[in-house]
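The structure appears right after this line, and notes come after that.
In this document, chain identifiers A, B, C and D correspond to the written order of the chains, with residue numbering beginning at 1 in each.
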Amino acid sequence: MSHNTYGHIFRVTTWGESHGPGLGAVVDGCPPGVPITAEALQRWLDRRKPGQNRYTTQRREPDQVEILSGVFEGVSTGTPIHLEIRNQDQRSKDYSEIMEKFRPGHADITYWQKYGIRDYRGGGRSSARETAARVAAGGVARAALEQLAPGAEIQGYMVQMGPHQIDRSNFDADQIEQNPFWTPDPQAAQDWAEYLDGLRKSGSSVGAVIEVVARNIPAGLGAPVYGKLDADLAAAMMSINAVKGVEIGEGMAAAALTGEGNADEITMGNDGPRYSSNHAGGILGGISTGQDIVVRFAVKPTSSILTPRATITKSGETTEIVTKGRHDPCVGIRAVPVGEAMMAAVILDHLLLDRAQTGGIRGPIG
Amino acid sequence: MSHNTYGHIFRVTTWGESHGPGLGAVVDGCPPGVPITAEALQRWLDRRKPGQNRYTTQRREPDQVEILSGVFEGVSTGTPIHLEIRNQDQRSKDYSEIMEKFRPGHADITYWQKYGIRDYRGGGRSSARETAARVAAGGVARAALEQLAPGAEIQGYMVQMGPHQIDRSNFDADQIEQNPFWTPDPQAAQDWAEYLDGLRKSGSSVGAVIEVVARNIPAGLGAPVYGKLDADLAAAMMSINAVKGVEIGEGMAAAALTGEGNADEITMGNDGPRYSSNHAGGILGGISTGQDIVVRFAVKPTSSILTPRATITKSGETTEIVTKGRHDPCVGIRAVPVGEAMMAAVILDHLLLDRAQTGGIRGPIG
Amino acid sequence: MSHNTYGHIFRVTTWGESHGPGLGAVVDGCPPGVPITAEALQRWLDRRKPGQNRYTTQRREPDQVEILSGVFEGVSTGTPIHLEIRNQDQRSKDYSEIMEKFRPGHADITYWQKYGIRDYRGGGRSSARETAARVAAGGVARAALEQLAPGAEIQGYMVQMGPHQIDRSNFDADQIEQNPFWTPDPQAAQDWAEYLDGLRKSGSSVGAVIEVVARNIPAGLGAPVYGKLDADLAAAMMSINAVKGVEIGEGMAAAALTGEGNADEITMGNDGPRYSSNHAGGILGGISTGQDIVVRFAVKPTSSILTPRATITKSGETTEIVTKGRHDPCVGIRAVPVGEAMMAAVILDHLLLDRAQTGGIRGPIG
Amino acid sequence: MSHNTYGHIFRVTTWGESHGPGLGAVVDGCPPGVPITAEALQRWLDRRKPGQNRYTTQRREPDQVEILSGVFEGVSTGTPIHLEIRNQDQRSKDYSEIMEKFRPGHADITYWQKYGIRDYRGGGRSSARETAARVAAGGVARAALEQLAPGAEIQGYMVQMGPHQIDRSNFDADQIEQNPFWTPDPQAAQDWAEYLDGLRKSGSSVGAVIEVVARNIPAGLGAPVYGKLDADLAAAMMSINAVKGVEIGEGMAAAALTGEGNADEITMGNDGPRYSSNHAGGILGGISTGQDIVVRFAVKPTSSILTPRATITKSGETTEIVTKGRHDPCVGIRAVPVGEAMMAAVILDHLLLDRAQTGGIRGPIG
């Protein structure tokens, strides 16, 4: 990952600002012959798009994706696929305040310090609107995965909102699409609704933890020691707006375990190795084991809140700011489809990298 | 990061196996004119080298580094610096057990599944011996940083061993070099010594959390949206052996905060912006703020333990394994200098990247 | 360079097909604060655009560029600049012949063999229409160069059409913009007009040699031994459609020289080293000397001709093909602005790379 | 290619100076299971090594390669292969002259201007000794090619020395290994011997043209539009010391052809497409056709000659220099195995890249 591009073989370059004419992604290195339609990509974009319920920003963006290249007669040609989304609801408003003041917790001050110029309208390039391009590209990755790793599934969901974690004994995957929080715990969904309503009304915000799982992924993906699958996943997730922590398997909790407690014992099953547990999150030595690949990431609370905060102006005066505007009280919610998209892209990329070096042929066991 | 190389401009490629003839790093893209001597690099290597106390593996490796290129008359020439360490203590032993059986928690099975061949002696390429090359390269990065960011400091320390966290009110930076655990809390150092003795004697192991701080780093480093400084740090730390989680600033705990609680308010100081707190860990929108850059990572417990664990053989039979050999009861200890090295390399790399694009000139405030 | 991206720091990714909705370039890594307008870019695009005289394809494309991101209030922000050109004149026609038959000399057969699918309309991705995106991106590079290397000039011109070379003693830079062939030799311009008219009428085509010179470029650009300035220039020029050879300075003719004949002797001038000649083409050991950087490349004759040629069909039958359509009798003409664009992008990229590693500070002489 | 690394998947990083302790190559991304021995690599190195006859430098270097990692029980493991060659004959001599004076035609002045420091002993990093590392790495590429593209052959030879071209009607591949010039024309070998003896005795030097052919390479290698096979070949060859021009197929001569003259007509053979000729040099649209891949490059005359040349000193005085020392009167001779090595590495790399994106499956014809 560097600049505005990620991926080694399956490579995605995104462009666009929050309040510019639009945004997009050039998806390069996609295998040829993958069925791709705007409709199929739209399905993924619709899950992320704003204004779908009272918990997400009320900006009205249809996030309609247009395919401008790389797809011919319904399938990918192997050449760059350009996905474009034009912005619609760039509400004309008075930007004079955020033009002069740096919003705490936002990238306003760092963009200014780095570049000496910034598109202050809605955060410009640092806005989470950029993630629409990730989701569109992730849709292409999913379509390619369907061909290359049949049975592969990628699913994200929320496991914590503010201090409230889900009860894993309530875990029901069918619930995930049934509530605005993408949570598998129906009780949590109910509790969080009330909790978030309160925060929203008071103009506050809260963080969240998202878990993304990739199932039925072949063993052997990942390239030690710096091209590790988990290193790429960590970078991919950390690059999502507002993410402050990334975990694989046990994650930070692994520190508290003993060697016995952390061991995923192996026995021989009918169709290959079986593991007694998955503390490793499906990755050993940077290479996938064939178990579920489990990644979690923490999203900080939305920095735009109604409580006044101290800040400074471009001319160096200390002042206060209240960030009005249309914002998400918990940006973590819309991070769920984004995390899935990053997982899909990274897994596909490593499938392609693995078949480059090894031909995708596995060392035999048994 | 890809294959066995990391970095964009300051680029490090490592090679070598645990029980082969040696290991090394090619450090490319180093600025010219940086004073580099084997002695100075040795200082950093000595902090990581095994066998220094009863808490680290008893393998005897002097880890003596030789500079084979790229340094002339004591300073870097701008051409690749090759650092080489020959292995000394490749104890001749019977490898027949681990040749046939996959040690749970190790990369044995995944290397086999990916490559269909593996150097099973001591873990081969997946051994933590590789990190000696990182530390050597990190020494070069530190020397270059001294010139490009005078006053920059990079310091790592242990903040948790097993379930035992340090008491932040005991934090004393001067203590870090005074105990075998690199911990700033003298009370924790005492408690952990006893705790780890117990684990060592019982042939068990435990995880740890390391924190690495970079101080006096200029604002403006990092390149959104995929070349973010935190994305590169996440990948760098996750690529270290046995790491399962990476946090920036508040990390996973950010999820539990509200927007008010997480806000780092800004006021104008004499020499630039001042922040009321550092929940962000010194990075906003992927770009450094000038505050301390704070990264934490969790190291899982050493997988080699004396308790028998179920596993399978290459020929597909379920069996048991006990991993004897010379191992660390808490590999987290030796991960401290490794984390520092990765921090130094990433920061330097982003300094160079920033001066490429912007010339290192900052947008004026005030 | 890889996939559809070139450049290290100043990085350009292009997309689009000849007869799709459009094409574009994402220009990433541009220094901030560079004045960029659609009008200024249009100036460069207009030099390449088709249908300007009877010697270039009669396809009517205004090649109007739209800037969709990365420019705010008239200057670059440091974030990706997306340049887009919508296709206008995708004349509806019968593609059934080239859908089934592979045109000799075109990429039809290799795209088919590689991808198993191809957008056969007008050559799809392999069409020279892609070079419009290069020229647009080159315009951004020129604007940045103006700031970073004041006085830098990049100029391309034709030095050979078919077997007819210019007479260097007629060289008059002011003539270059005065004739449809971008040639500095007014006599050649006259002769070639007649020559090319004959070829055009007979449905034939011919090759050409283009020379591109970069003047007032600082010494010190280029990074041995694989990041050499000339290696990047060679790749950049060879990547242009129909190019079959690239030369630096003396080029292929260097083979025939002796050491004495090839020596560029150095004396000390008032403002630095002076060279008695420039056989080296401004590059020694992969690094610029400060002399003119001189690159030449050969463009093969347009493969689309009216004389029937043997070829095969997708179903494997030998047949014949005549390529009608709107084509250039000498594609070399429109390659002039493309070569300039590639030169500008490579030079800028190496300026940025150099300032990354060395800070752009030169070793003092005298 | 960037810095001191080339290749995308099969990636080679070299290090080392002419008169330092040694040099080497880290070969990363090699497929696992490839038989590799020091003896087999030595065979290729012996073809390049100096002092083999009176036409190459009399420096005595055995160029003995040591494999320090990445090979286990005789085959590659998929992890980095480190190849190391220690320098032996760093004749102690007086470097005071070239320490102060820049040799014309050498990289002395540009290294100084870029880095402000240079290892002046024997040219340091810019010495052609670096190419020993290329040849060693090329040996690994050849071994891998043998597995992945059975029947693939790579052969280089000299087609021009000074102004004297071979007579293509004398072409006899069996002659190539029979003369010190690697030329297929026995008459040329005889003539050149006399010619070069004269030059050598007078302390002069001369350039050469090398042709490298890759036979039996599958169609479909190369990735438009910037990852073209010919773009990578051009960069690879141009990166070799003293190379000033690169041609594919017809090369610069393509400019003089008409469309009819340049057409490689296609007919259907028993085992696929057949071409009436190979003006394209085996590459169309940046992708291999399955024909011979034909690359030529020009090597300039050795810059070290006995005739005094004007130059300047570090302190800015104009003076004269005569370059004594042990040099090749025609460095082109030893460039033959180097060109082969670069061809092998690029072809292998593109085989791996192609199987990444497409799985190596070809679109069917017939």
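Criterion: contacts are C-beta pairs under 8 Å (C-beta built on N, C-alpha and C of every residue); 3 or more make two chains touch, one makes a residue touch a chain.
Note that this is a predicted model, so its numbers are computed, not measured.
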| item | value |
| --- | --- |
| Chains in simultaneous contact with chain A and chain D | B, C |
| Reference chain A; chain at largest CA-centroid distance | D |
| Cα-centroid distance, chain A relative to chain C, in whole angstrom | 38 |
| Whole-Å gap separating chain B and chain C, where each centre is the average of the chain's CA atoms | 45 |
| Cα-centroid distance, chain C relative to chain D, in whole angstrom | 26 |
| Junction residues of chain B, two or more chains touched | 3-5, 14, 29, 32, 78-79, 111, 114-117, 125, 224, 358 |
| Chain B to chain C touching residues, read off their complex | 9, 29-32, 78-79, 224, 352-353, 355-360 |
| Contact footprint of chain A on chain C as seen in their complex | 3-5, 11, 13-17, 20-24, 26, 28-29, 32-33, 66, 68-70, 72-73, 75, 77-82, 111, 114-119, 124-125 |
| Of chain A, residues touching chain B in the complex | 1-6, 8, 14, 102, 104-107, 109-117, 125-126, 130, 160-163, 199, 204-209, 219-228, 230-239, 241, 244-268, 273, 276, 279-281, 283-290, 296, 298-305, 307, 309-312, 314-318, 332, 354, 358, 361-366 |
